[in-house]
Amino acid sequence: METFAWTKEEIDLIYEVRDLAKNKIAERAIYLDSTGDERQDWVIPELLARRNLLAPDIPQEYGGRELSMRMHASLIEELAVGCAGAAAIVVANSYAVTPILIVGNKELKEKYLPYMTTKNPNLACMAINETRSNYNIERLERGNEDLTRIATYAVKEDNQVIINGSKDYIVNGAAAKFILILVRSSYSKHKSRLQFYLLPNPSPGITVSEVLRKAGMRSCHTAKLNFHDVSIPESHIVGEGGGYLLLMQNFDRNRTLLGAIGVGVAKAAYDLALDIAKANGIFNRSNSYSYYVSSTLADLSTQIDAARLVVMRAAFYIDIDANYARVSNMAKLYATQVAQHVTSTAVDLVGRLGFLVGHPVEKYLRDAQMLSIIAGSDYLHRHVLSAQL
Amino acid sequence: METFAWTKEEIDLIYEVRDLAKNKIAERAIYLDSTGDERQDWVIPELLARRNLLAPDIPQEYGGRELSMRMHASLIEELAVGCAGAAAIVVANSYAVTPILIVGNKELKEKYLPYMTTKNPNLACMAINETRSNYNIERLERGNEDLTRIATYAVKEDNQVIINGSKDYIVNGAAAKFILILVRSSYSKHKSRLQFYLLPNPSPGITVSEVLRKAGMRSCHTAKLNFHDVSIPESHIVGEGGGYLLLMQNFDRNRTLLGAIGVGVAKAAYDLALDIAKANGIFNRSNSYSYYVSSTLADLSTQIDAARLVVMRAAFYIDIDANYARVSNMAKLYATQVAQHVTSTAVDLVGRLGFLVGHPVEKYLRDAQMLSIIAGSDYLHRHVLSAQL
Amino acid sequence: MFRYTLSKQKLEFLMAVRELVQKHIVPYAIELDDKVDKGVDFGILNILAEHNLLAPSIPTEFGGLGLSHLTTAMILEEIAVGCASVASIVSTNLHAVSPIITAGTSEQKEEFLPKLTTKNPQLAALALIEHKPNLDIFAYPGSMNIRHSSINVKEVDEDYITLKGYKDYVMNAKSASFFTTMFSATPKGEKQDLQVLVLPLDIPGITIGKNKKTLGLRACNANELILENVKLPKKYLIGKPGSGFLVFMQNLDRNVAFTGAISVGVARAAYEIALGASKNRIYMGKPSFEESAISYTLAEMATKINAARLSVHLACMFIDNDLDYSQAASKSKIISSSVAQEVTSKAMEIVGGKAYLYGHQSEKYLRDAKMLSIVDGSEQFHRNLIAAQF
Amino acid sequence: MFRYTLSKQKLEFLMAVRELVQKHIVPYAIELDDKVDKGVDFGILNILAEHNLLAPSIPTEFGGLGLSHLTTAMILEEIAVGCASVASIVSTNLHAVSPIITAGTSEQKEEFLPKLTTKNPQLAALALIEHKPNLDIFAYPGSMNIRHSSINVKEVDEDYITLKGYKDYVMNAKSASFFTTMFSATPKGEKQDLQVLVLPLDIPGITIGKNKKTLGLRACNANELILENVKLPKKYLIGKPGSGFLVFMQNLDRNVAFTGAISVGVARAAYEIALGASKNRIYMGKPSFEESAISYTLAEMATKINAARLSVHLACMFIDNDLDYSQAASKSKIISSSVAQEVTSKAMEIVGGKAYLYGHQSEKYLRDAKMLSIVDGSEQFHRNLIAAQF
């Protein structure tokens, strides 16, 4: 029997992160939103590293906080209240770290995980999507039934593995300490040919081919990377042979965190609209606008609470290792919808001030839109989910 | 250059029908809604026949009013304000009459069209859907690419055609003076094997195998019919060889009228909610409920007007014989959505009285739901429409 | 998620209820809906009574199962999958006894609570809705007028008060052995004059009036309740004079999540039937489930049902742990009733043809979902309750 | 449908505008959006001026094309398909001259209207929005506060009034040669004190303040307008004292359908890009258009855009025929701006990946659609206008 009560320590940490997000991260995020995401900024990573929050689920033996998924999701929500892009930095780390935690060998764990827990900020990233006009892991050729049309490939030479290819939409990509890359290995076949490798970065042959300027989430830096004859020891393989399943498992687990970002950004927009309404005495008036605002806010708050529950359920299922694939999908889908609806409605409520670039309510709207594309479109998620009905 | 102004005569007719619907049809419809649609009732057909409204687009040479599609759609809307089921009777006639008007031979026109314009009410019907557990013209066997899986078949014998099969969801089916039936002819192939015939009713071999009790639109009677060795002269063929195209054309034209039913039932629900709000002084009060009701009503009225425009556009395209397939599809889809949204919201507004079976606002909700299924599901309409994008 | 807080024994009980519903309720749901005028079907009530399910949250000391709000909500969802009307009979019982449990004297508890826990089923009713009769167009639609009561005091003496008045849409009325309602101490009927009372059926002067035909939840039998010179012993008054409004609001908050649980059950039933149909029904040459327009819609439906269920369970957990539950309760009502309406309507489209025939489950689900949205306050009513706390 | 009411000549003109847009606006739309701070791009304005499209409904006697509202709306839609900002520059001109056309003297018409019809482009601006500066959190968000004006009279003599005040978010301000605005005759600024005036830029005391960065419609350049002791000749007053509110509301009704037409144009552009992407982008092994979840969504989008367009055209036809247009105008705004928001958001999902990069058309469409929903009154503002007539 579970009770779902946080411990005192957990509550303190949540409040600490809430405070950090509100007082430090939000300010930097608004600055970055207006200056753009062309450069990797280190202010937010430093703030996070100082509190060991860059990958807070790493076990204590590697210096991490070893948080449960529920705590992880709660912290991501709090961070996303400050800035969805800041939360996305941590989630990108999580995408890179999760496979190592699940199947990484001892050498890799001991060498790379501690980077993520030092007081000096280090980032990690996962490189999945191929660089293509038609992007993404979604299939390219008509009729080809292979889900993951991965073209980047790995060849064995002596005890080394040589990787060639190009990957797109990589959050944290340019400055990552290590890159978890998905490749097609030349020495095995079909889905099991998919294989993860860990690439230390910088390594000879890894170059940033393009920096992506995003419409939202500009606190995180996103890039295309080229891999030209990148050579690594064979020991840098992550989960030999099970690339496809590992990919799915990684997606399933971290989708929950994407859901948590959705809840956070929705909450940020809602809180702001509520504050503005209060500051302007909306709730003391009796006119049509006041009633519209107050009942709309009540509705938004209802939806945010439901989204948080859906995310927490997925986190809980992951913590107890129940079948979490379906519920994490639901968490991502539902929270994304709620985030987009809430942020859009908040712009309506806040009205003309939303015209202002740099005013948070408008930033929240753009940030929430990004949730539809990070780690797979909503269509893809619905597709995966409908296969589980 | 068009001006879209009605003539004085047209306006008078619209008001006459509005009056008829409000003062005579609505009352009978509420009675029929509570007693059920197990019997063919003649009160509404009589009211319509007396004003020559059972098929008002029939040309004057056959005794009809020869109305334009715009006028036809306007009258259907007015009738549907009184009762969607009453309007559905006229639309069912139109489905049967349209192919005869387009390609029927002189003999058929002269013999059958005048039935629809006499002061004694006669009904007609179209029999398309096969009787099947999985219903409808939608395809049954996996992978079979034939759109219209029609199993009822016709065989030539001497100068007679013998028809065998069973058809479902036939509005006006039990009491129709004639039945326009879609069959697969044994003497031609593929899509062009589809063929319409006109069957006089009663004829030996035509039996009502089941009466359908519908959730809404109970003013119109709906049945399954069995056809056992029904023999007709060859001259009763309607549009030799072009059955599939004729079917599509018939659907395209009459979809506009289904849209008009949607507008009418939405207007009925809106009018009632507005009256009730006024009678209770809602608009003079200043409380959250009043604001909610008034701005919601404003929104409903906005949507109804847009739906009417979409329907009128389709009717106009049909009148000038522009390419109407796409716009009539849009008219049906949009008006159905609006009707379902408006009637459902009206129940919310009217609130507890909606509990009452027999209270119109609840009837409108059920009637509007029926629009999703009459003459093809919304999914089918979206499918057809998306092929036209 | 909240299922994991239940003991193994409770989970097994829940599964037993699910079986019971499949066996004894599902097969009769359409028939129950159709037999509107014939009063409550005691066949099914007997079975519920046999398992002490007519008011499962009554404390064990009064013969009940003493279930938590959370477990009770889960049971109501299971029953509602079979038939929302039957679940509403149970939730009406719960709502009617709620003021007795939270604010009643021990004599009241001992007299009334055991009535609902015997194997010989009795029901309770809550008379709440004001309705001014003989109006062509009714008064104040849509929101619950809970700030006054048209039941008024005619006379007061030392031991009795004499009441006169009218209530409408009283669910369970025809078969109830007692009623919970409110009366106004003054004819004006202001909010601060209200008091709750319990009214045993055997007091002279109580008439159960016309049966009201309803859009959904038909087997609940909503009737008029007419009081003519009802001489009520004062021991049947609940709470202090003037406390009626607060007692009422508290009990609304405590019970509205149950209505939410029933909505979730209806939505689940509609979803399941649509999912089944989509896998069997052939559309364009393949099962319609293989059309992404349909399978994605089903995915959305499942996602929303889950969110609604979680909201209901959270509110129940707050109530069970005596946390501030008022907002969570309203939120659970808003989300579950809007999800139920959306899901039942989409289910009809997916099921297609047959769903539109009278007496098909899908059509019944839509009506029940719509009715549940109005029972215990519409979504907009609850939004305003939440907004009042801003 | 309403296209059939246009003469062949007008239809050809419309097609010419479409070509113009494809050639001269579409290629520069993203760039225009990005050059926020650099003022209006006169390259494109020169081209519009050359075709007399900066205010195409100005009567021919003042050098304009004298187009009907309907034709003008169609032209605005065409321009907005290329760039909503450019279309908004034109509609701002139209809104600014509208009080002069409907209520101005012939001297005023002769002085100001020809400015917008020369080949040497000039703009007009409408200063409407109140904004209390120096507030951390702003006053009265969301609805247009049109019942007072913070432009007040300092002094009055026989021929002049001296004004002082502030307006915000004045579109076209940076490049306008005259402004239309309202002032309050009394400091309290009540509704019945308002009067409309036209303000030539060359009168001393006018300062164009800070450029406001906006969510969308960025190339319109919204700025502050500050009046310090502006000595305005009385001949520049429009209408009678106290008529300001009515003149303003009438002109809002007349121009809001233009904003609707721009929303339709943005929605159409987003739809077209999504349709193209869906036919090229491969998803699960085939063009994503072959997924019914996507093609049905596109069908819905097309249906709604058509409904929105018809609503806009109906309102324009009412205005052209001098029928009661106020409700139709509000309805066209409600429907077109909500359709534009829905369509642009769905288009981003369908386009996928690239749509989320800064500077991609889809992302710009979404921002423009959202901004258009707030310009000239939000949907809820217009619902309340309609409701006020119940």
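Points worth noting:
All chains are identified by letter, namely A, B, C and D, in their written order; residue positions are counted from 1 within each chain.
Everything that follows uses one rule, which is that contacts are C-beta pairs under 8 Å (C-beta built on N, C-alpha and C of every residue); 3 or more make two chains touch, one makes a residue touch a chain.
The model shown is predicted, which means the values in this text are computed figures rather than measured ones.
Here A-C and B-C are compared, and the pair linked by more C-beta contacts is B-C. For A-D, the equivalent interface within B-C, B-D or A-C is the one where over half of the contact pairs agree by residue number, namely B-C. Here the spacing of chain B and chain D, counted between their Cα centres, is 42 Å. Centroid to centroid, with C-alpha atoms defining each point, chain A and chain B lie 51 Å apart.
In chain C, the residues that touch at least two other chains are 291-294, 296, 380, 384, 387.
In chain A, the residues touching two or more other chains are 277, 288, 292, 294-295, 379, 382-383. Taken in their complex, chain C has these residues touching chain A: 1, 4-7, 275, 289, 292, 295-296, 298-300, 302-304, 306-308, 310-311, 314, 317, 327-328, 330-331, 334-335, 380, 382-387, 390. Across the interface of their complex, chain D is touched by residues 36, 129, 134-136, 138-145, 168-169, 212-216, 275-277, 279-280, 288-289, 292-293, 340, 344, 347-358, 362, 365-366, 369-370, 372-373, 377-379, 382-383 of chain A. In the complex of the two chains, the chain C residues touching chain B come out as 36, 129, 131, 137-143, 169, 212-215, 222, 280-288, 291, 293-294, 341, 345, 348-349, 352-360, 363, 366-367, 370-371, 373-374, 378-380, 384, 387. Residues 1-4, 274, 277-278, 283, 294-295, 297-299, 301-303, 305-307, 309-310, 312-313, 316-317, 320, 327, 330, 333-334, 379, 382-383, 385-386, 389 of chain B are the ones that touch chain D when the two sit in their complex. Contact residues on chain C toward chain D in their complex (touch as defined above): 291-294, 296.
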